[in-house]
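As written, the chains take the letters A, B and C, and residue 1 is the first residue of each chain.
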Amino acid sequence: MKLSKSLLVGTAALLSPTFALAQEAGVNPSTDTVFILNSLLFLVGGFLVFFMAAGFAMLEGGLVRSKNVTMQMTKNVGLFSLATIFYYLIGYNLMYPLGTWAMGSDETGGYLSGVWGPGILEAVGITAEGADDYSYATTGSDFFFQLMFCAATASIVSGALAERIKLWPFLIFTIILTSIIYPIQASWKWGGGFLDSQFGFLDFAGSTVVHSVGGWAALVGAIILGPRLGKYKDGKVVPIMGSNLQMATLGTFILWLGWFGFNGGSQLAMGSIGDVADVSRIFANTNAAAAGGAIVALILTQVLYKKPDLTMVLNGALAGLVSITAEPLTPGLGMATIIGGVGGVIVVFAVPFLDKLKIDDVVGAIPVHLFAGIWGTMAVLLTNPDATFMGQLMSIIIVGVFVVVTSAVVWLILKGVMGIRVSEEAEITGLDGAELGMEAYPEFTKS
Amino acid sequence: MKLSKSLLVGTAALLSPTFALAQEAGVNPSTDTVFILNSLLFLVGGFLVFFMAAGFAMLEGGLVRSKNVTMQMTKNVGLFSLATIFYYLIGYNLMYPLGTWAMGSDETGGYLSGVWGPGILEAVGITAEGADDYSYATTGSDFFFQLMFCAATASIVSGALAERIKLWPFLIFTIILTSIIYPIQASWKWGGGFLDSQFGFLDFAGSTVVHSVGGWAALVGAIILGPRLGKYKDGKVVPIMGSNLQMATLGTFILWLGWFGFNGGSQLAMGSIGDVADVSRIFANTNAAAAGGAIVALILTQVLYKKPDLTMVLNGALAGLVSITAEPLTPGLGMATIIGGVGGVIVVFAVPFLDKLKIDDVVGAIPVHLFAGIWGTMAVLLTNPDATFMGQLMSIIIVGVFVVVTSAVVWLILKGVMGIRVSEEAEITGLDGAELGMEAYPEFTKS
Amino acid sequence: MKLSKSLLVGTAALLSPTFALAQEAGVNPSTDTVFILNSLLFLVGGFLVFFMAAGFAMLEGGLVRSKNVTMQMTKNVGLFSLATIFYYLIGYNLMYPLGTWAMGSDETGGYLSGVWGPGILEAVGITAEGADDYSYATTGSDFFFQLMFCAATASIVSGALAERIKLWPFLIFTIILTSIIYPIQASWKWGGGFLDSQFGFLDFAGSTVVHSVGGWAALVGAIILGPRLGKYKDGKVVPIMGSNLQMATLGTFILWLGWFGFNGGSQLAMGSIGDVADVSRIFANTNAAAAGGAIVALILTQVLYKKPDLTMVLNGALAGLVSITAEPLTPGLGMATIIGGVGGVIVVFAVPFLDKLKIDDVVGAIPVHLFAGIWGTMAVLLTNPDATFMGQLMSIIIVGVFVVVTSAVVWLILKGVMGIRVSEEAEITGLDGAELGMEAYPEFTKS
């Protein structure tokens, strides 16, 4: 039933005036189809990135001690829900302040009216004329997809600060992060702001815009919060083992799965041959980078410690994913594997490095999301000739300074006003018993 | 590569007779493409709703005691499998008894032949003429999608009756529910029956047709079955803690994910701009309602009990999802959040309310699916002017009476014929040891 | 907005020369749209099959003892990552050695240059002319999809050999399997080789090409490796219980979910009515077969042992899925249920049969993937008139002999060179403590 190319070419000679149009119709997708396929990419990509919220929760829950698992679950469900509400209320329209990319088609109405306020979806049953941007995708699918990136940023923070931060200050920080900090800096690149227009900054799916932002906020939080009791004792690092490594593995696989949506959806279009081929490249490269990070961490921990370390392997895969996120399109499969592999190296060396600085990052979020995020952002230079060294570096620094300063202000205000750390007693008892009165595994944990 | 609108308009003047047709071809998706995209919506929506079977299993397994987890897993795999078989054998064609919506295109053949019997898929490699309904979607994708709704209804029941019901009577009830009770009442609305045609009943994705039906069946079952031993003692409610709250959280996230397919797929079409924009609205609204339910439950339990309650937060998210299910399209994001939030309120107050009545619902299925289902069905009135108060209310009542009566008859027959409750001894030992001889966590559970 | 068929027919008489072309445009998808939809099928199918890696890990982790869970997780993440790297480096182009199906459109460039070497994706932003095969799908999506099948083959092996095989020999075997053994035999069928062209072998999604291959490699490995200590004692089989049946259930559900991509994606096209209807049939049939396998195992274990056996039910569902994989398209729903049900019978009888032979298959991978794979391959004869008894049987035997011989050689070399089995002491202590120094559940396991 398909039109063969040769048939079309053969017919072309016969039907000259109408052919130009008919050929377009016969070869290219219709304009509506393009719009539908772009929107579909966001919906599928969006639900995959949504599922990363579960991935983060499982990873973090598996890497904390069982006495803090209920709290970690509460934080993860809470932060995602608050991100949903506050990105809608404030963040979405703050992120695209000038409507640079969406105002083109419809300057008067739609979700980007130039007026700051809550996100507004298109009307029910729109036609092409009613679409906010008929050349792009539905506003609903765009909002859904963008929201998930904002929420992911907050998820990164929760792991690093686990086992000692109070619930409500953490959730208040989440609100500020998702409604103000993340959207403002994201607008600099993805809202058509100065990093995009003046620095030529390239960050395809957010090694810097998402991952390093979460990483910086986590780093500042971890420093202000201080390490867990007993983590650093007499100049030595005391390993604190996670309660459930099968869950941590599941979380990693879910994150890996979600990353196909994260990077693939960031192509922002699927309605042409070039776009779908690019999305396909991205899927294959994303997977390759994760594999590279995992295998490098496996081999390195075998060589360095004589025993492969599963938590390093899991974080290696995640670091590989973060590393490829700034440029999942232009590398070939081999280069993608290498870029991800370097992420694995970073994790293996950065985790003990942070411990030397007595910065206690419970799940390894800072090496994975911040350090590999920086690496990934610079690695764009390896394969994308449009990237400039200074453009990438300055953007990393500008975003970093902004997030460090704003996060520090928020953390310090929270510390001053309500305190951010649970009592020593509560930390020893476990946050589940002390703060929530509900154990995650009441029948399992050895007394 | 896209056709710009202006190009088409410019060419239009030149080619008047052929243009009308060519413009259609250039702007709109081809008729085959519409059919393909609609079917794709059902396939993607269907696999997401399928995964809800895993979500229910993880949620329920996490909320029962470890001595009953193997049984809960067996029930969940068993009920889904039986739903698959009996919806095929009986339910699917019972649900569309007159073939009201599908007979239009092909009255003689196809899956809706007007003759009661097993579901029959279209032939291999059909053409447009061979399709059962070329204006809609493939029968296979429709069957796959509808089956998952039927199975979800049965999953709702299994949680409420956990930890004391016998395996086989439960599975026999599942057979009756999925082959007879669910399809008959679903036909009243979705098969074009009297609730649809005479009452103007609106229930987009099934707050009543799916969730309240599962909820009513669970309620009747819980009353007839009686509470677990030791749950209500000397006029007091004895809390029985779930064995694995991380699993319960995972189950909630999986259900949340699946709900995008549940509600989004219920648009039943994705082949036009209006349809894909509507699906997009639904995704965003569904997510907003879940967030609303979770946050309201979080805040309410903090205020009421001074300690946030994770199980309430999880059920709050689910109640938010059920609440938006009757109308996920017409609300804006803010209203969707509020409608979901009310679901969270319902859960926080209904769980202790049921305990006062000594109705023992192990996982909170009745508040989540029945009470929030009723609320969601009435909440259609808030945003959809086509809904009438009496149409919604009467439909809720009619469906409720039908399910209560038929479920009660089935439960009572099962009770009389084979008994539905395990022995006291088995309940104390745990169903895994007593009935199955296989522990879910043989190495973990404290003796 | 859709073109009705009658409108087109009515207009046809008026516009005879241009109509033929315009009608195609109005009814059929454009050629680009076909290419996009085919690629989309591979991307969605591919991420679903990717998730099966998590399913295998959860299933296997749940069925081993807690002292070996960290190792099982390490193996599963490791094998998937190595499969990714080596299928790219060697396997992909080895599998399509003559470029039989892809060289048609572009003989000079592209990924199938006839030269053995790493897989090469299409350039960024290709046009129709730049596509390796414009009549099919993007190379990236094809690679992504095919890779997941190769990785699944390796996942099958890891479960059978759990709890006693050393990490590195296992991973080295994985490399040989995914870069050499799997691709060579897959080329015989899917690369257009002699099983396809001379034997008329039919294996839609790989009951033989994927599942039996993993099963044969597992069988040979299990025999050479020998049973776990204490499994067969004084002529009796000592049951060794899995540590986490809820996880095993989750793994099964994830595999079930992934199978929609596995079988549905193997239609290899979604750009026509016939193709999308076939994909729909496949989804519905795949689900039916799983249900059949689960229910038959449930009933059989009830009848034979008086106690339903959850692990048999889970493996029954998986055996049902394997059974339908060779031909998920041509059966009707009833026949699909029966074909899957026979898979359930096979599992229930083959598990104790292997134990009689003292072949210790920890998770039941050999009955599920090898025995049900053979059954499924022969069951093609029931519904597909193009299959021949000898073509199916000879292909099973040829593939089996090839995999048995090559696997045995590799296992024996590994055994001779570095040893494949951990020490008795390590096996008793558990691989996690002895080999990795990291427990999966440090707080749960009873000492």
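Before moving on, here are some points about what is shown:
Quick note on the criterion: a contact is a pair of C-beta atoms (placed from the backbone, for glycine too) under 8 Å apart; a residue touches a chain by one contact, two chains touch by 3 or more.
Everything numeric here is computed off the predicted structure, so don't read it as measured data.
One rotation lays the C-alpha atoms of subunit B on subunit C, and its angle is 120 degrees to the nearest 5. Of all residue numbers used where subunit A meets subunit B, under half belong to both copies. The two sides are thus made of different residues. One finds 30 Å separating the Cα centroids of subunit B and subunit C. Each chain gets one centre point, the mean of its Cα atoms, and the points for subunit A and subunit B are 30 Å apart. Touching two or more other chains at once are residues 1, 18, 22, 25-26, 28-30, 32-33, 40, 44, 127, 244, 250, 271-274, 441, 444, 446 of subunit B. Those residues of subunit A that touch subunit B in the shared complex are 1, 17-18, 20-22, 24-26, 28-36, 39-40, 42-44, 46-47, 50-51, 53-54, 57-58, 61-62, 69-70, 73-74, 76-78, 80-82, 84-85, 88, 118-122, 124-128, 131, 134-135, 138-141, 143-144, 147, 167-168, 244, 247, 250, 271-274, 435-444, 446-447. Within the complex formed with subunit B, the subunit C residues making contact are 1-3, 5, 8, 11, 14-15, 18, 22, 25-30, 32-33, 37, 40, 44, 48, 65-66, 127, 241-246, 249-250, 252-254, 256-257, 260, 264, 270-274, 276-284, 287-288, 290-292, 294-295, 298, 302, 307-311, 313-314, 317, 329-330, 332-334, 337, 441, 444-446.
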